[in-house]
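Dropping a structure here in structure tokens format, bear with me for questions.
The letters A, B, C and D name the chains in turn, as written, and every chain counts its residues from 1.
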């Protein structure tokens, strides 16, 4: 096996740290706008991880869609509503405690499950891109074997677009 | 790096990252009081799933592109979801003047 | 598609077309309903004639693949079919379902107020007929369960829509009781299929003996597995579960309370349909799956069945004696009959099983006839209570005559279907449980007591207070002749020439308990 | 040919059922009488040429398990004699009814029922197996029910009809059980198979075998006869059944249907012969019935009730004979009794008809002059019933008494003698009250008149038979009927049972004959002394002297009251309890269950906060639990 502290491994470690730090920050900030920015950090970290794993196209898409579009959209939404909103300091209610315990236990269990299994480590000899660049290979697959899901997703996007416009429209009856 | 070559990162570590991310997202979704942040937390959970998909695309038993393509679909659907979700939020905000989850409760008028 | 499948498809189609009719067009719905019932009757006659030469085995089968549940059990797929067919056991009961449904459709279509909620009336009756015919025609478990549920839903809506006064709430009781019954029946029957495939036993032995999970009823019936594949404990629990379902479905004491509650208020054609065939589905399922798949459990729990049977006979008889009106009397008389049915099954003999089968038919015909006639009395006189009736013979001789015929059939007079059913049931039960049978004989005396008491109060004597008010009431009308004549003729035909049923039931009874011959 | 004997009445029934309402009275009556007459002619031919006893013609009727049940006709000397009696009396009664029922608005319905009855009765006596016999047995019961309740608008008639059916049904249930048990033990409903099985050593069921089973089954079968032939303790229905039209009483409740019980015991005689206990039971029940009914008959005021109790008493006589093993004598008494008892009812009907429906004896009197034919035929029947030499009743009754004494049943002989005395007394009490003396009710008397020829001809024919029927079994002729009946022994009809087992035959004893004759004459004399001309005060004095005994007899030993207050009341209470249980207890359990569901829903509603995030917490915890379980178990399945 390869040495434990290879360049890849170090990169992964740093990226993970960044992602988790951003996520925890999101939880702990109280101003909504900061939270949105912290999430943007998580998205970018994930994009870096994808690129590290050789999925350049997905990584770029992640940056464009998540870090770009979605984060901006969220910021817009915050601005359109009460942008001064803060999460109030909240006492530990039973529900919150239960949620914390539940999530913690769930995470611990999942980690145990992950530890308990022997995972495959991929097959170095196989080229997932079949000799092409990653973008080209994904394009081939999307327009050949995933034609119909692709079209359906486009339809879904259109519907979502139209729906979002209609929902967000100011209606006559409203002030 | 490209499509070939060994990846030394242990699969388990990436999955563990996904799991932790998922749990953080879940916690956020369950406890945040602002509806926007609940939506954001859900995006976090979707991302955790995506991490797993991409990891298996490269490190699964028979590596292929399906995982990556799936994660693309996920990203698309997530985008659609957040668009509709935020639109709903705006609509609700106009009526109720609030984005607090607790106040959006039809059971207790 | 086979003839039997059409018998389900035709009323179903009629019902589906009716859904899309405008509410004004209840005349069209009526015509559709009548034509479809007539067609199913013709189909039944065809199947009857075509299969008469070789009664054993399944006839007029047809099967359409429906869907597949992949890799469901031990690596094999489970193919679910939409399949129909009848064998010597189900053919006569299936024909009864067709006949009663047709008669009910006729009665619903010729009622004075047939335009009232006309579309819904025929819609639910068509769908219900398809369901109840399907119960007896299905040869696939999934098809059967769909048919059971369709019957349940239709019965609920019919009772809910066509009951008077407070009795409408009884529809909910029917829904809860029979809904729960469906749950138990489904669990028990699917459990049996699972058990026959080795689900509760030694999977390797099961695999060696070729047991597979199948929903195909003929295949299930032909699967013989030993105790290591299907352990006795599992069999027992499944049988008891089935029995629980059957008791609720059949309205047997002590799980019967929905039945009198429903019949107390429903219109007469609803009662005819419910009492004539819908309450007989449980009995059929007990014979088909209880006795057919788990004959050893029938023997094992025979004493329990026998006791429950005797309790039903006596409780039903005494409650009928204590009844204040015809509806309640007919209801409990039918419960009392089905108690004898249980006793016949409990005997685990061919004679007893044959008697039980005869009882399904006989009780169905007689209950339907009596509900219809009692409804006729009520429609004319305005009451069905004994304390207000009396002296009907003088102004309504024909109605009284047929009422008497029905009552005599129900009390088991020879040359009616009641007698031949009873004696066969007793021929079986006296072999296995002589003591219980002697007690059950009391039911024969009591049935004479309560039915003749009712006749004396209704048709004999001086005209009661209610009758005097309606002196001008007409006797049987032209439309009423049809159900009355058909049902009476069937009661007498079975009584005078029982071979007409025995031709089928004799081989069926022999095959059922796997005791030969 | 045998099929046509019941066949013609069936055809007549079908015609009257379908078109009877539109036909005129004479046509309806004509069809019925003709059909029965043809049956009578055929029965006579059968009587003269019975062929091989036990011959069966039958169709396959039903297969139960592996038992093939047939439906057919069986001929034998016994059956032929029964068919002869039934068809003869039926023909005469149907003819008589034409006059008696004239003008009734349901005239055709009456004939419809009667045709059905004749068909069923003939089918009963010609049945080829037990199940078929039971079927016809119930059918005649049905006809009896319908005819007793023929005047349904009278509440007493409706009650009597119901009572007759239910009381006989109690007995029939015993017969039903007996038949089923015989089938279980022998595997067949056929008489010969049953008899053979009963004689074989291996006869039995798992829980009872051998003589115990035979006794049980024989007593169950006898229970059927007890109900149908109105034997103690199920005799209470027959007197009430007199609410029906009088010709019906003559045909069904005197000559034929009530004798079916006697026929049944005779038919099953090889079975009874195997069990001493069963025979003893039959004899004693017969004896008790004969005496009890005769004692009740002494004081009744209704002319038909007296004759009805007389019928019960005479049926008890026949049962005594059968119980004593004198098969032929029992049937012989059935034969003669059918004629003179039918005649008694017809003459009583004639009297009632003449008096416009009056049945109270103490409003009659002096009718001898007004109704000469009725008077003389009644007298013939009364003398026959009393057992006066040389009328028919003398021979048959004397044969029975002889058999009792010779068979060692001393007590029963005494019972028989007392009954004979009472019989002679009450029937002549009737005669003197109705026909002798002066009219007690002038208004009724003035309108009295003889019926038309349709009513008198049957009376005369039966009168001749009442006088002469007994001569066919006198020692002078060498007991032809006895020999005829015992011709069945040793044939397949009785499964080869020998004549000795079937029926004991005793030579006449002149001394015993004289004793019974003297007893009968004493009875007549007492009646003449008490009720003859200028004797009314003596009867009243005797009644007051007897005091409570008189009242017990008048109130029929209070049996109706005892049944009413015990069995009937208990049943009604149980019915009320069952109804109440169902309406209140079980319904409230159901109600309670529904309330509990509501309560559970109310409680669970507290969990529904409407906060999505609360639901999410629960879901997360649930997910954790599921994954933990999967992990610990090491797999999903």
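In the analysis below, a contact is a pair of C-beta atoms (placed from the backbone, for glycine too) under 8 Å apart; a residue touches a chain by one contact, two chains touch by 3 or more.
Keep in mind it's a predicted model, so treat the numbers as computed, not measured.
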item: Chain whose Cα mean lies nearest the overall Cα mean; value: C
item: Which of A-D and A-B has more C-beta pairs touching across its chains; value: A-B
item: Gap in Å, rounded to a whole number, between the CA centres of subunit D and subunit A; value: 97
item: Gap in Å, rounded to a whole number, between the CA centres of subunit B and subunit A; value: 5
item: Averaged-CA centre spacing for the pair subunit D and subunit B, given as whole angstrom; value: 92
item: Whole-Å gap separating subunit A and subunit C, where each centre is the average of the chain's CA atoms; value: 61
item: Contacts with 2+ other chains: residues of subunit D; value: 611, 613, 616-617, 620
item: Sequence positions of subunit A contacting 2 or more other chains; value: 95, 99, 102-103, 106, 110
item: Subunit B: positions in contact with at least two other chains; value: 26, 30-31
item: Which chain pairs touch, all of them; value: A-B, A-D, B-D, C-D
item: Complex contacts: residues of subunit B adjacent to subunit D; value: 26, 29-31, 38, 101-102, 105-108
item: Interface residues, subunit D side, partner subunit A - complex; value: 611, 613-614, 616-617, 620-621, 623-624, 627-628, 631
item: Subunit C contact footprint on subunit D (complex, rising order); value: 60-67, 131, 134-139, 142, 145, 149, 152-153, 155, 157-159, 161-162, 165-166, 169-170, 173, 176-177, 180-181, 183-184, 205, 207, 571-572, 574-582, 586-587, 590
item: Parts of subunit B lying in touch with subunit A, wherever the complex brings them together; value: 1-17, 19-28, 30-34, 36-37, 39-41, 43-44, 47, 50-51, 54-55, 57-66, 68-69, 71-73, 75-84, 86-91, 93-95, 98-99
item: Partner subunit B, residues of subunit A touching it in the complex; value: 1-3, 6, 8-9, 12, 16, 19-20, 23-24, 26-27, 32, 35-36, 39, 42-43, 46, 49-50, 52-55, 57-58, 61-62, 65-66, 69-70, 73-74, 76-78, 80-82, 85, 87-88, 90, 95-96, 99-100, 102-104, 106-107, 110-111, 114-115, 117, 119-131, 134, 137-138, 141-142, 146, 149, 153, 156-157, 159-161, 163-168, 170, 174-175
